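Quick one: the structure is below, and I'll ask about it shortly.
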Amino acid sequence: MKIGFLGLGSMGQAIAANLLKSGHEVRVWNRSPEAARNLVELGANAAATAAQAFDVDVVFTMLADDKALRAVLLDSGLLAGLKGPLIHVNLATIAVDFAEELAALHKAQGIDYIAAPVMGRPNVAAAGQLNILAAGPADAIDRVQPLLDLIGSKTWRLGEEASSANAMKLATNFLLVSAVQAMSEAAVLVTRHGLQSADLINLVSTTIFPGPVYQGYGTLIGERRYEPAAFKAALGLKDVELIRAAAGQVSVQMPTADLIRANLLDAIAHGQGDMDLAVLAEVEERRAPAADTTR
Amino acid sequence: MKIGFLGLGSMGQAIAANLLKSGHEVRVWNRSPEAARNLVELGANAAATAAQAFDVDVVFTMLADDKALRAVLLDSGLLAGLKGPLIHVNLATIAVDFAEELAALHKAQGIDYIAAPVMGRPNVAAAGQLNILAAGPADAIDRVQPLLDLIGSKTWRLGEEASSANAMKLATNFLLVSAVQAMSEAAVLVTRHGLQSADLINLVSTTIFPGPVYQGYGTLIGERRYEPAAFKAALGLKDVELIRAAAGQVSVQMPTADLIRANLLDAIAHGQGDMDLAVLAEVEERRAPAADTTR
Amino acid sequence: MKIGFLGLGSMGQAIAANLLKSGHEVRVWNRSPEAARNLVELGANAAATAAQAFDVDVVFTMLADDKALRAVLLDSGLLAGLKGPLIHVNLATIAVDFAEELAALHKAQGIDYIAAPVMGRPNVAAAGQLNILAAGPADAIDRVQPLLDLIGSKTWRLGEEASSANAMKLATNFLLVSAVQAMSEAAVLVTRHGLQSADLINLVSTTIFPGPVYQGYGTLIGERRYEPAAFKAALGLKDVELIRAAAGQVSVQMPTADLIRANLLDAIAHGQGDMDLAVLAEVEERRAPAADTTR
Amino acid sequence: MKIGFLGLGSMGQAIAANLLKSGHEVRVWNRSPEAARNLVELGANAAATAAQAFDVDVVFTMLADDKALRAVLLDSGLLAGLKGPLIHVNLATIAVDFAEELAALHKAQGIDYIAAPVMGRPNVAAAGQLNILAAGPADAIDRVQPLLDLIGSKTWRLGEEASSANAMKLATNFLLVSAVQAMSEAAVLVTRHGLQSADLINLVSTTIFPGPVYQGYGTLIGERRYEPAAFKAALGLKDVELIRAAAGQVSVQMPTADLIRANLLDAIAHGQGDMDLAVLAEVEERRAPAADTTR
C-alpha cells in the first residue's frame, strides 16, 4: 500500500511520522519543501508535486485552511484529473459546505472521501493519541482504520455523510472557545472584586471543571500570559467564522459565537491576533479597567 | 459548644445532619417547622424561634434567598438585638452587596460574620463532600474549621472580606450556566446537521470536558429531558441576576450572562421556569425549528 | 385651586414656571431650597416642607429618581398621612413596578394618582411644548387637563392604569438610546473605511432619519464632542436599567438594551459617565482602534 | 452618447425609464429578456447580450446581487475583453471588498468605475428622487452628473475611492435595520404591559422620530402586517451579511448587526424569510409569548 501525505505543519509532521510506522511507503509533500526534511530522514519519500503525493492508495491531507486545500486540489485541476480507486482522508477542520462540495467532487471521480478532523494538539498527535472524528463511506473507513489507529487513540464514527464529521468538530471547537470566553468574563469579575483570577481557575479546574481546557487556557488567563501562543487568536477567529457559517447554513443562531467573534475582532484590532486565544481575557479587562470602577 | 442551624431545605438538612456528628448540641429552625422532624429524630433540638437558634456559639444559615435572610435576620430586628461573641456562618449564595451589608451590620454588634457559600448538590452535601468558599475574620474561620470539615471535603480560604466568597461563588455559578448555554447552542448546531446531540456530549465529556457539569447537564440536553429539575431554570435566573448585579457594581460587563438571562426569560415566558436549567437547549431549539431550515 | 410642585431641577423649574401662568397659587419645594428662588421671584410660594407642598388641590412631582420620590413620599410617612381629595401628577420617568405600587398606595388614601412622564428637554419644557404621556383615573386627568395644556403641546391619554404611561415612556427612551447606539456603530464603520462620520449623519438626518434624535445626538457623534452633557451617560444607564426591569417583569427580552447597558458600563468604567449619552460612540471607537486594523 | 443599462428589476426599470428622458440611446439588458419589454415600448433598445449593453459610452448596472454581477461581468470574461473609454456606474448595493476588486479590474482596462448605490424604494426611483451616493474618478462623475440628475434628487459625492460609496450605503442600511429591530423590541415591551404597539409608533413617529423609516416600518409592526413585503427579511439578511463583512474587514464589531442577523435567521427558520423586514417584531413576539408572563 502506498500512502500520500500533504501538509506538513506541526500537526501534519507529527501525524505523518506515525504513519511511517505502518511500514508502507509514505510520500510527503508540502508547499515549502523544507518541511519534508525531517520526515525524509525518518524514511519518507519527498513527492516533487502534489500530484505525485496523490498517486497512491490512500492520501491524507492536513493543509492550513480551506483556501490552501482549494488551491492545491481544485484550482490546480488535480482532482479533476484523478480517478479511483483512491481514498482521500482529510484531517483538517474545514467548512461544512466545503466538505459537502468535496464529497460530491470526489464521488464524481470514483474516489472515496473521508472527513477525519482530529482533536488534539501537536504533542498529542506525536503520541498517536488524537481523537479522530471520521465520516464517509463505511468500507473506506474500515480499510484505513489500521492507519487511523496509528495516529489516534480513538476513532469516532459519524456516518456516511463526510460533512457530519466537520460539523461535529466545529461544535467541539465552539465549546472550547466558549469555555475560554466564560473564564475571561469570570476572571474580570473576581479580579474587580479584589480576588485573584488564578484562584478561581484553580478552584474550578480541580472541582467541577477538570480537564485540559479549563486547566490549560485557565492557567494562561490566571497568569495573564498570552505568548507564545499555542492557539492563536486569529486562528480562533477563523474557527469561529467556520462555526457561524455552519450554523447560518441551517438557520441556527449561535449568540455566544457572535460575541466571541466580536471579542476576537477586538483583540485583532488591538494588535493581539498572534497571541493565544486566552487573550480574550484581556479584551474583557480592557472593557472594565481597574481604576475608576466606582459608581 | 452550641450550634444553631436555620434553613432546612434539601441542602440545609443534609448539612445539618453532618454537623450533628460533631457531638455538639444543634438547634435547628425552619420557617415551616415540619422540615425539622428528620433532624430531631437524628438528635437535633427544634428551636421554637429563629432567635433561639441564634442563641448559640456558632450559627449556620442556609436560607432560600436574600429576601428570606433579610426577613429573618434584619426586618425582624433579630440581628439588632444580638451581641457577640457569636460566629455566623452563612452558607447561602447571596448578593455581593448584601454580603457587604451583612458583614458591616454583624461587626457593629461584635459578631463574626463568615461568608461560606458551598459548591455541590444535596447528594454531595449528604456525603460531607462540599467545597466550601470561606471568607471572613481569620480566627473565626479557624475556630469553625472543625465544623466545616464535617460538611465539606475542602475549605477554600478567600481572605477577610466576607463578600469575596460570594463573588467567587457567583463566578463559579457563571461558569456553570455558561457551559450549559454553550452546550445548548452546540447541540442545535449538530442536530440540524443530522447528528445526535447525545453523541456530541459523549464525545466531549469523555475527552476535553470531563467532570460533572458537561456530563450531567450534557446528558439532560442529549436526552432532551428537563424534568424533574435538579436545578430549576427560575433559580438559574436568580443566580444570573446576582452575577449581573455583582458585575454591574464594579462596572464589569458580562455579555454571556446577558444572553443567558435573555434565554432564561424565554424559558420562563414559555412556561418552562420549573424545568431544569438544561432547558436552555430548548430555547435554542425553538429559535431554529428543524423544519424549513433551507435557505 | 392650589397647586404644589416638588422637584426643581432644570425640568421642574421650567414646568413650574409655566404652571404659574394659570393664575393659581403655586407652592414649590425642593430638597435644596435655593432652587426655589427664581420661581418665588416669578410669584410662587416657597413651601417650607414637602408636606406643605402636598397640602393643595393638585400636586406635581418631578423628583430626580425613584429613590428620591420614595424618600420624600413614602419613607417619610408623608403619603400615609394624607387624605383625598387630592390629585398627584407625577411627571418623572420612574419604574413600572414602582408606578404600580404608588397607584395602589394613593388609592388606599383616596388620592388620585396620575402618571404623566414627559418627553422633551428643558428648552422644550420652557416653551410649554412637552409631549405628556398621561395615565390614571380619567376624570382626574380631565380636571388637570387645563394645567397640562400649560406645560405641553399635547397630552397622550394612555388609559386608567398609571403604570402604562411609564411603560410607554420607557419604550420611547429605549428607541432613543437604540438610535444613539446604532449611530455609534455606524460611525465607526464608516470612519474605518476612510469616511467622515459627520457626513453619514448629515446624509441620514436630511433624508431617511429627520428629527431631533438623529440630528442632535448624531451631531455630537460626528464631532466627537461629548461635553457638556445634555443627557449624561450615567443617567442613560439609569433609564436602561428601568427599561430592562420593566421588560423582565413581563419576561420580555430586550437584547439591544442589554448591549447598550454593557456599553454604558464601559463608558462609566472609563470615567465617561458624566459625558453625554453620545459617548457610546467612543465605546465603539475604543473597541476598534484606528491603527492596526489590517487582517 | 450611448447608454447601457443592465438589471431590470423594479428598481432598474424605474431608473432606466428616467434615463430615457435624456434623449440618448439606451440599450437595456436583463437576464430574463421579457423584463425589457416595457422599456422598449418607451423607446429603449433591447440588447441581445450583456456585451452589447456594455458597448456604449456610459453603462449602468443594477443587478440583483454580487453573485449576479460577478457572473455577468467577470466569470463571463466580459470585463477582461473591454477597453476604455467607458464609464461604468454601478447602482447596486454590493460588498465593500467586491467594490475594491471591481475598481481595480476596471482601472486595469482603462475604464472608469463609479460606485453609485442609491437610497429609495421603486416609487422614489420612478419619481427620479433617489439619493445617490457616488464615489469614483471625479471627472467621470462630473461627466455622468446630468444623467444622475435624471434619476435622483441629490448626488452625494464621497471621494475617489469607489468602495467608500458602498461603505456609506451599508451604514445607512444598518441604521435602517437597527431602527426596525429597536421598534420590534419596544413593541413587545409595551404590548406585554397592556398597551397597543400602534400607539407607540404613532407617538414616536409624530414626535421625536419623524420620517419614512419609523413611520413606514412602524406601521407594519403596529398592525402586525408583514405581507406583501416591500423589503423581504431574506434580503435584509443579505444586507446585514454585507454590513458585517464590511465591518470585519476593518476589525470593527457591530454588536447590533450580530443580533439582527440572529433574529433574521430566526425568521427564516420559521418560514418568514419572504415576509417584510418588519417581521423582526414577530421574532421578539415569539420569544415572549403573551400567555404565562407572570413570574
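We just call them A, B, C and D in the order they show up, numbering each chain from 1.
Heads up, the rule we're going with is that a residue touches a chain if its C-beta (ideal position, glycine included) is under 8 Å from a C-beta of that chain, and two chains touch if they have at least 3 such contacts.
Bear in mind that the values here come from a model prediction, so they are computed numbers and not experimental data.
Asker: Since chain A and chain B are copies that touch, just let me know if over half of their interface numbering is common to both, same, or not, different.
Answerer: same
Asker: Counting C-beta pairs in contact, which comes out ahead: B-D or C-D?
Answerer: C-D
Asker: Taking each chain's centre as its mean C-alpha position, how far apart are chain B and chain D in Å?
Answerer: 52
Asker: With chain centres defined as C-alpha means, what is the inter-centre distance between chain C and chain D in Å?
Answerer: About 37 Å, centre to centre.
Asker: Give me the residue numbers in chain B that touch at least two other chains, ranges are fine.
Answerer: Residues 251-253, 255, 259, 262, 265-266, 268-269, 287-288, 293, 295 of chain B touch two or more partner chains.
Asker: Report the residues of chain B in contact with chain A in the complex, numbered from low to high.
Answerer: Where chain B meets chain A, its residues are 96, 119, 131, 133, 156, 158-159, 161, 163-164, 167-168, 170-172, 174-176, 178-179, 181-183, 185-186, 188-190, 192-195, 199-200, 203-204, 207-213, 243, 246-247, 249-257, 259, 284, 287-288, 293, 295.
Asker: With touch defined as at the start, can you tell me which chain A residues reach chain C in the complex?
Answerer: 234, 262, 265-266, 268-271, 273, 286-289, 291-293, 295
Asker: Can you tell me which positions in chain C touch chain B when the two form their complex?
Answerer: Per the stated touch rule, the residues are 248, 251-253, 255, 258-259, 261-262, 265-266, 268-269.
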